[in-house]
Amino acid sequence: MTLRVGVIGTGAIGRDHIRRMTQVLKGAAVVAVTDVNAAQAQQVANEFNLQAAVYDNGLDLIRAQEVDAVMVTSWGATHEEFVLASIAAGKPVFCEKPLAVTAEGCKRIVEAEAAFGKMLVQVGYMRRYDRGYRVLKETIDSGVIGHPLILHCAHRNVSVPDFYTRDMSVVDTFIHELDVHRWLLDDDYVSVQVVRPRRSSLSGEHLNDPLLVYMETAKGVRINGEIFVNCKYGYDIQCQVVGETGIVSLPEPMSVTMRSEAKLSNALLTDWKDRFIEAYDIELQDWIDATLRGEMNGPSAWDGYSAAVAADACLAARDSGDIVRIDMPERPSFYRSKHSESAAEAIR
Amino acid sequence: MTLRVGVIGTGAIGRDHIRRMTQVLKGAAVVAVTDVNAAQAQQVANEFNLQAAVYDNGLDLIRAQEVDAVMVTSWGATHEEFVLASIAAGKPVFCEKPLAVTAEGCKRIVEAEAAFGKMLVQVGYMRRYDRGYRVLKETIDSGVIGHPLILHCAHRNVSVPDFYTRDMSVVDTFIHELDVHRWLLDDDYVSVQVVRPRRSSLSGEHLNDPLLVYMETAKGVRINGEIFVNCKYGYDIQCQVVGETGIVSLPEPMSVTMRSEAKLSNALLTDWKDRFIEAYDIELQDWIDATLRGEMNGPSAWDGYSAAVAADACLAARDSGDIVRIDMPERPSFYRSKHSESAAEAIR
Amino acid sequence: MTLRVGVIGTGAIGRDHIRRMTQVLKGAAVVAVTDVNAAQAQQVANEFNLQAAVYDNGLDLIRAQEVDAVMVTSWGATHEEFVLASIAAGKPVFCEKPLAVTAEGCKRIVEAEAAFGKMLVQVGYMRRYDRGYRVLKETIDSGVIGHPLILHCAHRNVSVPDFYTRDMSVVDTFIHELDVHRWLLDDDYVSVQVVRPRRSSLSGEHLNDPLLVYMETAKGVRINGEIFVNCKYGYDIQCQVVGETGIVSLPEPMSVTMRSEAKLSNALLTDWKDRFIEAYDIELQDWIDATLRGEMNGPSAWDGYSAAVAADACLAARDSGDIVRIDMPERPSFYRSKHSESAAEAIR
Amino acid sequence: MTLRVGVIGTGAIGRDHIRRMTQVLKGAAVVAVTDVNAAQAQQVANEFNLQAAVYDNGLDLIRAQEVDAVMVTSWGATHEEFVLASIAAGKPVFCEKPLAVTAEGCKRIVEAEAAFGKMLVQVGYMRRYDRGYRVLKETIDSGVIGHPLILHCAHRNVSVPDFYTRDMSVVDTFIHELDVHRWLLDDDYVSVQVVRPRRSSLSGEHLNDPLLVYMETAKGVRINGEIFVNCKYGYDIQCQVVGETGIVSLPEPMSVTMRSEAKLSNALLTDWKDRFIEAYDIELQDWIDATLRGEMNGPSAWDGYSAAVAADACLAARDSGDIVRIDMPERPSFYRSKHSESAAEAIR
């Protein structure tokens, strides 16, 4: 049985997911593609020898008879429309982050999906599929450190490009932490405060870099988050959970240990693309497998909505200096799925 | 394009490779199976919904029209016959270790393959596909530590089963080191000496456990190998290469760092099956891909022969206490392939 | 030349400092002792074979002809009186923390010392003499990580005794961080905020344990401090400074690396007494040496005052939940000493 | 009570021990000095303000009334004579390594001491006083890893000076391992074999660098030793003991952990003088204290003799390529002291 996927958006990430489905993963065939740049869509279809129709627009692709499931990898501002259309068509849809560019947009998706009555939407938060985060969650869930009390984390990039705006450190960068910590702790945010350390002189003047994000969860866990997108030394993702009887930390990526030049050292990654490369494979394979079984395991529309609300609160907290409350509506029972356990199975 | 594979031997490893080709990897279909236990072959065919003929014997399977390539995962004593038959049929063959149970048998395979005039045989030494060994080799090859001078290594198992014999610590256990170090150093062995430390009281009386294996290579590298198959504490594979300007060590497998119970600790593996699980996937995918391209990348029949000759020398050295010369015939130019570079590509 | 020291208070820490001066360090002789428990003072004098007069009270000891310098290791509430009397007598005085039990008391000492016109007071903040903190400071001062931007730290105890009060996590525990970070960063605090994570169920109900302390310095550095005095797993002091180009962390105490019981592990300390044991020796030797040279290198009365003001602000912040400003008077030029450089020399 | 020490040889190490006894340690006074260069002896006496007679020669110094104990830090070839004279005078003597330049010379000392009937001689093998080796030994002695079976070790120097001869890698460098492993394992050597890996092109042509030394002990432990005196990357002392249930390794020297320039790193030492600097202090303090108590704790003349015999065997094994037996006479009961336990106390 093969899942026939239509891909909307054949840019960098879209092309890469097409490569995965075509050359690496089992169970899917890309049968339709579209892009605002039609020539590029055709070119990618040729590059991977796809037996795929090239559509004029995403809405037609979504409605196409031969498309079982939709992948939305177009420009962020278009995500909401395509996801809503997929739900309207009753088709499973994998949407790269963001689910929508506003929390309101996310909410419309959540409401549409709930009205439809079946979970169809998975959002592309791949960290939940990273082996390191996975074993971190397993350790927490095992109870060996007792109840989590504090989570220390950092998201550090070597540097960011010129087009990187002040808001992107939250909505593009820290958004991954905003999603993965809810999952890791099985918890929700209730407040956020953002403070600005001394600005790095090696960071752009328009950026508040680094930033510290202090959050509180419904269960009382405090999160100390550091965002530093011009840290110069490496691409470094840290996460440490302090529990009642012990502390567990996210593994460092594998590297050889060197003794050379008066140092005992391990190489750090410098390119974010290398960090979660395997997680993307596991994520998409899980989406294909679950979709073929008629299930939905991964980050849901509700998760995308929650991350968007938290990100908005972070921006408000950064600008006001205040402790900003994060108020989510009650999570519909509809969304109380067993996604994390299922995702765990994807790895084994 | 799909590689149609016939599998001889559907026991533990055979079944697992069938699972890989059927559920995980791209490009292969299992179209024929056989086993001395015919019922079990049928059962595995059913379990994985194979569209596969069940053959009475390996030789018929090898000659079958629909079989493009052969996988030999039967009992070790039968490997030589099936590999020779595959060569005779001009079909690519993946053979789990050992290539043959004697060096003489390996030599017959090497001669048959050379007579045939094309490399068809890949031996299942999966460590060459392990990401850790891969980055270790890349580091050595980069020249950053200068010429390798010494290699320290250890192969430690928690314990071994009752049927584990005295010779198995060489022919089943250290055989992996015997293969991977030739590849890592791009070198050949010239002598070996084996010494016996005090025997662990927790090891069987019939075993010399631990053992130390001291080898010399053609380029003058000295290898200090430790074999300890009842080390009790974990499954632990160590490899450290001392070069002229620095030292590089095989990475430890990924694990979370814990602070608990007065220890700062990382879990060690205890089951060997977990250690190279990913390497098996990469190995077989590379075999499928290369075979479809008409190439052969992995450990060759010559590599299998070399490991067998070295293992025989280890046993002789253990029993005599002498320094035993290892004399290989000149490597035929036929076998001077670029396998390691190709295997590297399999990972990226 | 020998420094003749009079010791006020021969309890645990007083006795231990007498042992140091008598059996370990060079250049000092304990010539006078006193304690509220006169019998105990006599007993300690006997135990160490001191040629020392036993005085009825601290004030007489301070004024005694044969006493060159005073050590105050009595009950905290008495420190201020004895330090002021030492200044009045023009005698160098080493005072264990706290310098005084209130910031007001510390201020009176600072004013008395400034009026006297010569630095006489050293406060017993021993961490500045710890080799780990020392090399941490040297690394920061070398400029290799650029300007410090963020400091992450944690002070964790296995557990605390029953008499440990809610305020002690600040005034007894975190007070060490309050002192050492000013020195490490060569900076002053400007604000503090305290938040309460979920309380550990293994901590007393009357304690806010753990606590998070967020501070800002005059140079804009943000400090994320964790206090967790019932962490169960070990006595663990962490300090990590994030700079513009890199991060440097306090070394872990030396311990052997073990491979056993499926763990790769290093022992963590569990008793705070073992953590800074060497720092006490270096601290007191430096005090003796500097005093004999007519100098004062260590933490000054101003440093004691600053820590007291910061501790008061922490308590106020904890109780109010507000961001509390920390306002210190301008530091008198009198106190702009080169103490840190001198202390560095004490170690080499 | 003060130990009145006479020092023979005021060169680098002699001067440094005089500094220790005068400025750092308790309980000793240097009351007599001598050197082949009399002016230099006087100069050192002046430098440290010693109340010390400057003697014409070592023998007169040894016999001097005011000298309680002797320190021999002269040129190696003179050690035997001065140690024998000290024994003849019935005076405790601390002798820097080597105890004598030949095993025969050491044997004469052992015989003289036994004839005298009381242990007077301590040899300057300071590693037994290193905190790292100490905790390593405590761990082994605790039984937590079961019986030791294998010891892996390495002695690596950045580089060696031009005057460094081929024999010095054994008699000056590896001699420390030869002493400390006997102590660590509470064992004796029975054989040694030396093999030569490929020579580092960055090492002198006259040196066999690196070298591997394979030893066997009376209890059956096998020692794999690496000597590499031009390793370029650091001064690195490694020691790992494999036992029946686990492995324990010598701690790395303390250093800060850095994240910078795409590396997670700890600095390695490059100067051997920094590695055991603290051990020298502990060693001499222990010698002073024990001598004042009329005891002898440290490495004995027997230990010096044993190391000399083992070193001779290493040289013979290196030159012959053979496995060389190490035959020691039975250890006189006289030398079955409790030195290791006592030395352990020196550290606490």
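Labels A, B, C and D are assigned to the chains in the order they are written; within every chain, residues are numbered from 1.
Keep in mind that, in the parts below, contacts are C-beta pairs under 8 Å (C-beta built on N, C-alpha and C of every residue); 3 or more make two chains touch, one makes a residue touch a chain.
Bear in mind the structure is a predicted one, so any value in this text is a computation, not a measurement.
Separation of chain A from chain C in touch steps, taking the shortest path, is 1. Shared contact partners of chain A and chain B, listed by label: C, D.
Taking the mean Cα position of each chain as its centre, C sits at the greatest distance from chain B. For the pair chain B and chain D, the distance between C-alpha centroids works out to 46 Å. One simple way to say how far apart two chains are is to compare their mean CA positions; for chain A and chain D this gives 59 Å. In whole angstrom, the spacing between the mean C-alpha positions of chain C and chain D is 38. Within chain C, the positions touching two or more other chains are listed as 233, 245-247, 259-261.
Residues of chain A touching chain C in their complex: 146-150, 152, 195-202, 210, 212, 214, 216, 219-222, 224, 226, 228, 231-233, 242, 244-247. Partner chain A is touched in their complex by these residues of chain B: 23-26, 131-132, 135-136, 139, 144-145, 245-251, 253-261. Across the interface of their complex, chain B is touched by residues 233-234, 236, 252, 259-270 of chain C.
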